[in-house]
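Several structures are given next for inspection.
You will see chain A twice below: alongside chain B first, and alongside chain C after that.
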Partner chain A sequence: MPSFAKLFATPWIWSFLGALLVWLAAVIFTGGHGAGGMITAALSLAVFTVIVGLGQMFVVTLGPGNVDLSLPANIGLASAVAMKTMDGQDSLIALGLLAALACGVVIGLANYALIRVLRIPPIIATLSSSFIILSTDIHYGRGLQIKPPESFADFANVQILGFPILGLFGVALAVVAWAGLQRMVYGRSVLAIGQNMRAAKLAGIPVERVRMLTYTLSGALGGINGALLAGYFRGASVDIGNEYLLSSIAVVVIGGTSVAGGKANVPGIWGASLFLVLLLTMLNTFGVSAGLRLLLTGLIIVGVITAAGGHKTGR
Partner chain B sequence: MTTAAPPTAAQSRASRNRARLLRTMLPALSMALILLAIAWLNPRAISYFGFSLMLNLAIPIALATIAQMFVITINELDLSIGTFVGFVGCVTATWLHDAPLLGALVLLASIGVYAGLGALIHLRNLPSIVVTLGMSFVWQGLAILLLPKPGGSAPDWLKGFMGLKVPFVPFPIVAAVVIALVVHFALMRSAYGTVLRGAGGNPQAIGRAGWSLLKTKVVMFAMTGLFGVISGMALIGITTSADANIGNGYTLLSIAGVILGGGEFVGGRVSPIGAVIGALTLALAASPLLTFMSIPPDWQVAANGVILISVLAARALISRKGA
Partner chain C sequence: MKTKLVLAALLVSAASTASFADTSSMKIAFSNNYAGNSWRQAMLDSYGLVSEKAVADKVVAASDVFTTADKEVPTQAAQIQNLILQGYNAIVINAGSPDALNGAVKQACDAGIVVVSFDGLVTEPCAYRVVVDFAEMGRQEVEQMAKFQPKGGNLLEIRGLAGTSIDEAIHQGILEGVAAHPEFTIVNSVTGDWDQTTAQKAVATVLPSLPDIVGIVDQGGDGYGAAQAFAAAGKPRPTIIMGNRQDELKWWSEQKAMDGYTTWSASIAPGVSTLAFWVAQQVLDGRTDIPHDLLVPYLAFTQDDFEAELPKIAEGGVASHEYTLEESLAAIKANIK
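Moving on to the complex of A and B:
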């Protein structure tokens, strides 16, 4: 059994503590009203951040400079693709999900191709591809109010004993990601590449194949996220993924994954996502204005990052 | 290849130099290409009036790009420059107009915040991407608090300055040349500029030579803040009123501009002249060219991506040949 000292030395515990803290603050403010409902809502909303956060985590772990900036555009396009494919019909739900997944996979592969063929930094590659994806989405989904099939939208909002089914999906995904990272050759390779790409290559790890897989994985998760978001919010839109640029990167860092690469943390992604969502919930219950909410969110993120501190490895 | 004799040292050096020259010229070449396309599609655009119109918004973009270039020089990235420009715009259109002293103080203080961020990032060894992402929320929040609805108005002197008419050469071009040259001499030709670039290229060496790395970070972030302020003010001088979201697009444009201009993310390799040219290229390509080519507005964002990718593809080709 791990001792308390050991428990508190794990980086991810702090993000859960932070989430608990902001939840308590919100509950105290409302005098105990809606405490459970707040958690249910937070679990559902946090899942969307968890899904893209996991993808971003694998990418960031590849080492300095690796980041996927195309996630927001990817989510937007996939949401439109999913809703158009489903066409409001229950029988086409599976096909729609597959189409969103395929859309994400293609985007991930295209990102990797740009990085590899043009030998440009991933930031610029995913940035330029996001411009193109965004335009494609605007052109593809324009002027259409695309609604999800009723049963898909209901499914995305289903709860089992107050626990949202999406939350279960998010937990299952995190467990798979944890196993993939810590117990599979793929995950160990990602960590090795992040620690020292040259050494990983010399050790016989197929570096380029692992990088391709990682960008594809991030794209695929973005695609799935787009479809689920469109179901949850009952409709696709171009800017449905906008907030996930910041939040996907923020949860990776707050959750204890090193930006310098080579060190990842799956539980921290969940903790940090809950923290961010509950933080917004708290500020909403306090009834602060939109401007003040943004200001406080920003200050708290900078504060948390500063408190968590950097790692001595540098960029 | 079937050549038997390997190239002599002199030959390979010559070819390397040629590749390097081509690489340096690439930003200018891509802009020339865009200009040729515009001239071909609409010859009337190539005139004093045409350039004044087409490059109208290029100056704030160029200034924001220079701001981004300063942090990229020291291997950092500023993802908040867009919302910062928006914040400055809101301050300019409200306080700087109504209470100039207060407005000026706030703008100076915001440069101080940037300097403080530089110190924080250095001392705590924080990832600048995350810190500046957080700050982008802070600036946007402040901008919305200051100006919940679009409005305000630019100070008259600022409107007058941005609307300046210079004989023969349109004002935006004059301004671009001045910005590029001033920053070029400060960063590329001055002694301390070399130290600043060195802090990006080889921080250990700069540290061991006795220079304070903390000071280089603080100076570079303060410069980013300064140029962000000038960019926001220039923008409001042109648009005459502000909106909290007015600068949001600048974050990505500025990064793209630096890279188009030949800059690199690591190693302190940047080019102020290239960055200004990169910004002008993006500004020209963004709307005038696309309007003349009758590309529907849907695809205008994509055009930026395509231009970026093509220029980088050309650069990759040249580098491979030169290697």
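Moving on to the complex of A and C:
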């Protein structure tokens, strides 16, 4: 069965398989009760991880050491900027989204400036910039929950036949990201830089411009994510992006993107995001305690990465 | 000893001025480990209001607030050591860890500094602890639920930050409450971390698999998220115990206007920071009869009085209550047996 073998050789299939397995486990536990509801909830929640996961994927693909650790702080600040700009008024929704996007772009550019101009390694640069962003956010938002305009919150919660509208946006974004990665000069440049930065430079690729674009892209996606999160969860807060530090990196790795760079996988981001949410669904459904849940989450993520990675070395 | 007792009695009877207290040359520092949510912001606001007035009234010479960037325990330990060197007479602490700061706290005590912890407590015996009766709050949640849902039924529990003493105390209280009310069954419990987003996410993932839920018992900051998760899943709205947040009370008010929705709200008042301030001031004043563990009541609102409180809370904030010196003395007195 060569087609099967080929299917299992694709790195992203494992994340979807994992998602399917944990979903089945949860459904069997409840005796089939709530199977559809779980999928709807998973699609609604996974899309936020997909958005930042795609940004993180491009950054990681640039090669060893490249990572954006400022995403959680970026999301928090952008959520506050978006909600304050919207000021609870429907007419200002578009302006609020633009403001969040601009906020993310500025953060991305600032990250790149730290990396390029001050020659700070990306891990340190983005981590230290996140402290600055966090402090700005605490000062700006005063730690208060800032509410979105009612129609924006309602829009973020719309479902079409059980399929959340933000999920559709996430799928569209993934298609664009896939096209950008595989069919555009920009994406091919990112891959080439990740495979060998020196070779890419010698081949005439504007390495620094591509890196700048990539950090800016990641920042922009973080900004948009902040605005959407504040809409869906009806309120911006400093902590709203906290979980996306680990999960944005986890979905990149589980989804089959190489941590060493030069090899990216877009469908895997969706599979891995669904897997993470459904894993939480399964463990919550089982009713395991918080400590055990964290332990199992860690072990299962390690297991999936090993399963997916083990295949790669077999090539 | 006798003069001290007389002084204490005088303080109790004195109306509002405490300017005769001999703490007017003393400095109190506040070491805080986080400022990034509405509760902490309200806590800092309350503390600032009361302590700045105390300085203006010359009750104490100085009162300064020091907040570390991001829940980092080693940073807070270093900060406390700095405060010792800077010559503060008392340190009020909202600690990032119950035991990891004990070394620094012990150093402060050894240097003759009064240490009062609240909310995030320290276990070092030489420090004072202002403890809110969280177990009673948990018990009372189920008591109230029994009034609203006399037939009983399935409850969903939302827990707080795992591993904290507060989460454990409220949880135990809820378990005791359910034991006293066998008509209720807790069918599942999820972790909401006292955070709206986390709570909504956790409830959304578990909701499809749950049987019909009549009520939600929680820990504050998670009620609004739970309500959103039920609305998003198109499930009937249960009785959700609230936690004094502005968005929770506003939602409650809207539901009440719509169909007479009834529930109950309780949480630790951020203004408990001001009680910690007065305890520090009283100990500096020479009082030796104050127990090291002070149990204080939580702040609760009922169907009849929550709407009066609502306009007083900042948009997106949390209900607070600042302790005056007299109220603090009464709270201390209630703990002396």
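Here are a few things to note about the model shown:
Convention: the second predicted complex is superposed on the first by the 305 of 315 C-alpha atoms of A that agree within 3 Å, B and C clash if a C-alpha of one lies under 4 Å from a C-alpha of the other, contacts with A are read in each partner's own complex, and residues count from 1 in each chain.
Basically, a contact is a pair of C-beta atoms (placed from the backbone, for glycine too) under 8 Å apart; a residue touches a chain by one contact, two chains touch by 3 or more.
Remember, it's a predicted structure, so these values are computed and weren't measured experimentally.
Overlay on chain A: chain B and chain C clash in the combined arrangement. By the touch criterion defined above, A:I301 reaches chain B but does not reach chain C. Of the two partner chains, chain C is the only one that A:L229 touches; chain B does not reach it.
When the shared chain is aligned, chain B and chain C each come close enough to touch A:R293. When the two complexes are overlaid on their common chain A, residue A:D90 makes contact with neither chain B nor chain C.
Once the two complexes are laid over each other on the shared chain, residue contacts for A:E208 go to neither chain B nor chain C. Contacts of A:T281 after superposition on the shared chain: chain C is touched, whereas chain B is not. Contacts of A:E150 after superposition on the shared chain: neither chain B nor chain C is touched.
When the two complexes are overlaid on their common chain A, residue A:L134 makes contact with chain B and with chain C alike. In the superposition on chain A, A:T30 makes contact with chain C only, not with chain B. Overlay on chain A, chain C versus chain B, candidates 1-9, 19-27, 127-135 or 163-171: the clashing stretch is 163-171. Residues common to the contacts of chain A with chain B and with chain C across the two structures: 131, 134-135, 138, 142, 289-291, 293-294. Within the complex formed with chain A, the residues of chain B that make contact are 75, 77, 120, 124-127, 129-131, 133-146, 148, 244, 252, 255-256, 259, 264-266, 296, 298-306, 308-309, 312-313, 316, 319. Interface residues of chain C facing chain A in the complex, by the touch rule stated above, are 35-38, 40-41, 69-70, 159, 162-163, 188-191, 195-198, 200-202, 204-210, 224-225, 228, 231-233, 245-247, 314-317. Residue ranges of chain A in contact with chain B, taken from their complex: 65, 67, 114, 117-121, 123-124, 127-132, 134-136, 138-139, 142, 245-246, 249-250, 253, 259, 289-299, 301-302, 305-306, 309-312, 314-315. Residues 26, 29-30, 33-38, 40-42, 44-45, 131, 134-135, 137-138, 142-147, 157, 229, 233-235, 237-240, 243, 277, 280-281, 284-285, 287, 289-291, 293-294 of chain A touch chain C in their complex.
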